[in-house]
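Both of the next two complexes hold chain A, though its partner changes from chain B to chain C.
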Partner chain A sequence: MIELPPGLILIVGAFLLPFFHGNVRNIYMLLLPIFGIWGLLTVSNGVYFPFEIFGYNLSPVRIDRLSLLFGYIFHIAAIISLIYAFHLKDTVQQMAGLIYAGAAIGGAFAGDLITLFIYWEITAIASVFLIWSSRTEASFKAGMRYLIIQVGSGVLLLAGAIIHFHKTGSIAFDKMNLSGLGPILIFVAFGIKAAFPLLHNWLVDAYPEATVTGTVFLSAFTTKLAIYALARGFPGTEMLIWIGATMTAFPIFYAVIENNLRRVLTYSLNNQLGFMVVGIGIGTELSINGTAAHAFSHILYKAVLFMSMGAVLYRTGTIKGSELGGLYKTMPYTTGFCIVGAASASAFPLFSGFISKSLIVTAAAVEGHWFVWGVLLFASASVFYHSGIKIPYFAFFQHDSGKRPQEAPKNMLAAMGIAAFLCIAIGVYPYWLYDILPYNVDYKPYTTTHVVTQLQLLFFSALAFGWLMRTGLYPPELKSTNLDFDWSYRVFIPKILNIVANSIKIINASLESVIHKILAFVNANLSKHHGRSGILARTSSLGGSVTMIISVLAVLIIIFYFET
Partner chain B sequence: MEDNSEPNKKSFWLDNKKNVDKIWYALILICALTVLADLFYHKHVEYSIEDIIPGMYGWYGFIGAVFLVLAAKILRKILMRSENYYNENQND
Partner chain C sequence: MFEFLTPHQAILIVVIPLLASPICLIVRHSGIAWLIALVASWISFAIAINLLNQVTTVGPISYLLGNWPAPWGIEYKVDTLSAFVLLFISGISSITLIFARKSVYFEIAEDRIYLFYTMFLLAFAGLLGITITGDAFNLFVFLEISSLSSYVLISLGSSRNALTAAYRYLILGTVGATFYVIGVGLLYQMTGTLNIADLADRMPELSDTKTVLISLGFITVGIGLKLGLFPLHVWLPNAYAYAPSVVTAFLAATATKVAVYVLLRVYFTIFGYQIFNKLVIDELLLVLGLIAVISMSIVAIFQTNIKKLLAYSSVAQVGYMVIGISAVTVTGLTSTILHLFNHALIKGGLFLALAAIFLRIKSVKIDDMAGLGKLMPFTMAAFLMSGLSLIGVPLTVGFISKWYLILATLEKGWWPVAIIVLIGSLLSIVYVWKVIEIAYFRPVPDKSSKIKEAPLSMLIPIWILVTANYYFGIATDYTISSALSAAKELMGVAL
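Coming up: the complex of A and B.
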């Protein structure tokens, strides 16, 4: 049985936060997700709390293996993110983090599209406070852009849901076919949050602007809720294979030249989402398992990476590759955890990425998508490149920046340690994760072929990195902004609008002058005839007028006299 | 937090350039070993190309990574702007 809808305990609990202070508050916050996950351990599959409102049959909680898996990992991510934020004294951020995590959990269990919409919008509104809490102008603006896009995604979802309801008579959130306006709108709404190519800019724009602790929350929930929603609503939609493959390959070029290391991680996050989207598109049991497993391990290692970069930002005040280097000397634990996260992200054998990503790559090969398989391999090699090597190398090694920051605070180290431990645990004993996947797993990750080929792929891309570094071909870290698609709406469209506005002004001005000329001409003619000296406006004496009228009458009388 | 003034007395293993070279040669050795390993087991593969060239994955990874970086370098010429690009644009 289940007493409370999952996630609700975090949302409701967040509003009691101001009544607690200091360490009591920290413990209270931590207890919320712990109770939450405890509740999930005993539930059985089914739909809970169904009710009807305005003719819609809502099912707020639907428990099955897919929703449970996302429920577990969202709770774990909440626990880790909260520990990482223990040192914070910012009630706004703490409440926003809890509500955000709770809404993401609620969304993963939503059994109908209306409930999903409600949680979808709560995640948007709660999470923007994690960006605004940086309290800089850049973060305010980025947060605004983020909010508009996120809420817009929700509006599309609601519109699609209503159209879908009128067509099918059902508001249940189940597998849909990508035909008709309703499902297409829903698909786009999911696509925005999953950061499909060209819909992805809110991600790389906003995440690096969030607070040190906020980015850790952000990296876990929004995009993975979208992945869950896609896996639930559109498994086996072939278009997703191509969208996903583009996602794996498109952002990595940016990751190579980006200087802000948290933005590098965001591009890398986008690339990892691509693997999951490919898995959903293939739609076999193996690939859906792969997507679910990869979402699970991805949340953990991405959290480790964002936490370690957050610790660097927290201690040094900068996260630019061009200003960092040599930090391993005074931050050895952070360095170590970062390397574990990097190895997991790169899918090194014995680390979590290896046992999850390989499900998707293998599924692509088995189903005969050889081109996509090649793209995924290329993307895998390059993940090692920018996530695995670039992040730890530029932050902690390369040339010594002279910075000697203190090691990260204990709570941060603890959070990184837990997440890093889980990364290794899953990698070493994958069946712990495989057992909770949506379908039964008949797959062995540790075969000789697989281990050796993966090691070849990784070590040779390390070799490429070393070779490029030693020959000086590697592009140096430069302070810069690299234009991405958001340039279109931040610069291009405003410029076009400016040009349009200016041309309207010019056209308006010339039209005005033409009209003025016409009016002046008409005016001049009017005054000629009707003006003071005009013939039609001349005045004459009363006597004259009477004489004129009488003479006209006289003439008429004479005419009538002779006629009759 | 940051202290540039105090000379850092403690020296680290990686501070010595020779040790960095050692890591580099070790990496080359490991790469060679992974290719050699291909000759000693039966590969279970989906596509025959995986089995024809020893170390196929290695070459693929190497070429892929070099392509990635050099392509990104060219992209930089098109995409790179000053750090304050968006702020400058908003002010005019």
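Coming up: the complex of A and C.
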């Protein structure tokens, strides 16, 4: 049985946070997700707390293997992110983080589209505070753009859900076919949150602007909730294979030339989402398993990477590749954890990425999508290139920047340690993860072919990096701004809008004076009849009232008399 | 213990308050009179709950007074509609009476308080009687009982204007009652019966005769006066504005609703919905309803006395109910019946909150309410939340009834009507917001800085109503299923 909807304990608990202080608060925060995951360990599959409102049958909690897997990893991510944020004294960020995590968990268990929509919007609103908490002009603007896009995605979801309901009579959140307006709107809503190509700009726009700790939260929940939603709603939709393949390939180029290392990680995050989307698109048991497993391990290693970069930012105040280097001398643990995360991201054998990503790549091969398979291989190689080598190399090694920051705070190290440990643990003993996947797995990651192929891929990629660095062909990390698709709506559209706005202003001014005149006229007339001494509000004499009543009667009777 | 009384519930619900009333007169003690009124009202409420349960499970109840068989003796009849109306009248009265003790002490001279409760119980018994009786003339008797006692109640108001307002209501109300009884007399002449069920049986063959149609005209105007149908509402704003606060809350929540109930009975039970095919009466009601919604809302916006503002808003709300009737469909009637109940909760909450405010600031003028949001946070929050319900914000009861009304108009294809209903909601935002803005956004003036929050004995009843506004706005099963089956009964649709 289950006493509370999962995730709710975090949301409700967040509101009690201001009553605790210091270490008690830290322990209290940590207890919430621990209780939450404890509750998940004992539940059985099924739908809980169903009720009906306005004729919609809602099922706020639906538990099955797919939702449970995401439930587990969201809880683990919440625990890690919370430990990482222990040193904060910022109540707003802590509450936002808890509510955000709770809403993402709740969303993963939503059994109907309305509940999903509610949690969908809570994640959007709660998470924007993690961006705004940087308290810079840039973060405010980025947060605003982020909020508009996220809430917009929620609105699309709601619109789609209502249309879907009226067409099918069911509001349940199950597999849908991509036909008709309803499912298409829902699909686009999911696509925005999952950062599909050309819908992805909010991701690279907002995540690097969030606080050191906020980015860790952000990297875990929003996009993965969208992945879950896609896996639940649109498995086997072929279009997703091509969308996913594009997603794996095109952020790479941005990642290679980007100087802000947190932004590099965000591009890499986008690229990893591509793998998961491909897995959903293929839609076989193996590939859905791959998507779920990859989401699981991805959350962990991306957290390690964001945490280590966060620690660097926290200690040095900058995250530009061109200003860093040589930090391994004073931040050895952070360096070590970062390398573990990088190795997992690059899918080194014995690390978590290897055992999850290979499920998807194999699924593509099994289904005969050879072109996609090739793209995935190319993308895998390049992940190693920008996540695996570039991040640790530019931050911790490279030429010595002369910076000698302290090692990261203990709570950060602990959080990174836990996440890094899990990365290795899953990589070494994958069956622990395989056992909780949505479908039963009969897959052996450690075959000679797999390992050798992967190692070849990695070594050639490393070779390319080495060669480019040696020959000086590697694009130097310059302080530059890279134009992405979002230039169109951040610069171009505003310019056009400005011109339009100016012309509207002129028309408006003339219209306004006309309307003012009309309003004044209406108001004068309204108050003449409806005002306090107007005819409609006056208490006329008794005789007058009775006369009126009699005349109403007379009119009625005359009408009735002559009508029949 | 009281099982032997169960078959007599239908009469007891009326008789208990009716007999309690003279007892109040005899004891002549304000506190005991209050207690008697309270107990009587709560017993009636309990019986009403029981009756509705019984009606929904077993079907309509018929009770023969003195065991005289139906067409000759007086019959009391409880079906879903009357049980539903009984329920909220007795409920509102019971909650208002908890509230009344402090408010009445403040507004009425102590040596007259026992008279107040005497009259209150009479009015209450009259309203219940109108609802439960199955006899058209008996209905007139109860109409007069409730009307005469409410004239007295209104005249007890502290301002001198109360007397003229009561006098005006007396004259106009009597004209209305006379019209009703003339109408009933014409029907009696044609059919030889006064029993409502019997009248209904004989109506189809007579419904073309001029006499019957003219009787319908008289009854429509007579009851229209009572329910505050535009333009017959002229007595209402002053009566509400100058009556003691508790009386305003009680009458606004119940008296006009009972009049709407009578209208439904006459139109749909006696004459049958077919009458609307013959006469333009539905178009007339629609036009009057629409004018009421827009025009009275605008008048409300211009008011500075909040009691009058809410009174005009009530006339506008009656407009919504009349529009529901004019649709002559199950959905339309459902919306009307729902709005009877919902508007009772809304206006009950608003007028009680206003009564608590009057207790503290001794005024209901909008300018004196500056800064009340800080001084009386719980009372103002209740006012705000009931106001949201009046506007019809989702999750409130106001939303539910407007939703059904719009469904009903769209079913008929009346797009413009739906739009006007929505405009009416927008206007209600304006007049509710007017109060909120002054109370929350004006600084506290120095002279009122000592004002305290209302006492708990007032806050509890207010918040019971506010909670009901939201509870029934979310858990809609109970009210909607009752209203729907009542509407189906009226339209003669199989349940």
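Keep this in mind: the second predicted complex is superposed on the first by the 497 of 564 C-alpha atoms of A that agree within 3 Å, B and C clash if a C-alpha of one lies under 4 Å from a C-alpha of the other, contacts with A are read in each partner's own complex, and residues count from 1 in each chain.
Methods note: contacts are C-beta pairs under 8 Å (C-beta built on N, C-alpha and C of every residue); 3 or more make two chains touch, one makes a residue touch a chain.
The model shown is predicted, which means the values in this text are computed figures rather than measured ones.
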Touched partner set for A:Arg404, first chain B, second chain C, both or neither: first
First, second, both or neither for A:Leu542, with chain B first and chain C second: second
Touching partner for A:Gly531 - first (chain B), second (chain C), both, neither: second
Winner by number of chain A residues touched, once chain B and chain C are compared: B
Chain B versus chain C as contact partner of A:Val92, first or second or both or neither: neither
Chain B versus chain C as contact partner of A:Leu198, first or second or both or neither: neither
Touching partner for A:Ala462 - first (chain B), second (chain C), both, neither: first
First (chain B), second (chain C), both or neither touched by A:Thr453: first
Touched partner set for A:Phe253, first chain B, second chain C, both or neither: first
Overlap of chain C and chain B interfaces on chain A (superposed complexes): none
Touching residues on chain A, where the partner in the complex is chain C: 53-54, 526-527, 530-532, 534, 536-537, 539-540, 542, 545-546, 548-549, 552-553, 556-557, 559-561, 563-564
Contact set on chain B toward chain A in their complex: 1-4, 6, 8, 10, 12, 14-15, 24, 27-28, 30-31, 34-35, 37-38, 41, 43-47, 50, 55-62, 64-66, 68-73, 75-76, 78-86, 89
Interfacial residue positions of chain A with respect to chain B in the complex: 252-254, 256-257, 315-317, 328-329, 362, 365-366, 370, 373, 377-378, 381-382, 384-385, 397, 400, 402-406, 447-449, 452-468, 470, 473-475, 478-484, 490-491
Residues of chain C touching chain A in the complex: 168, 171-172, 175-176, 179, 208, 210, 213-214, 216-218, 220-221, 224-225, 231-232, 234-235, 237-238, 278-281, 284, 295-296, 298-299, 301-304, 312, 474, 476
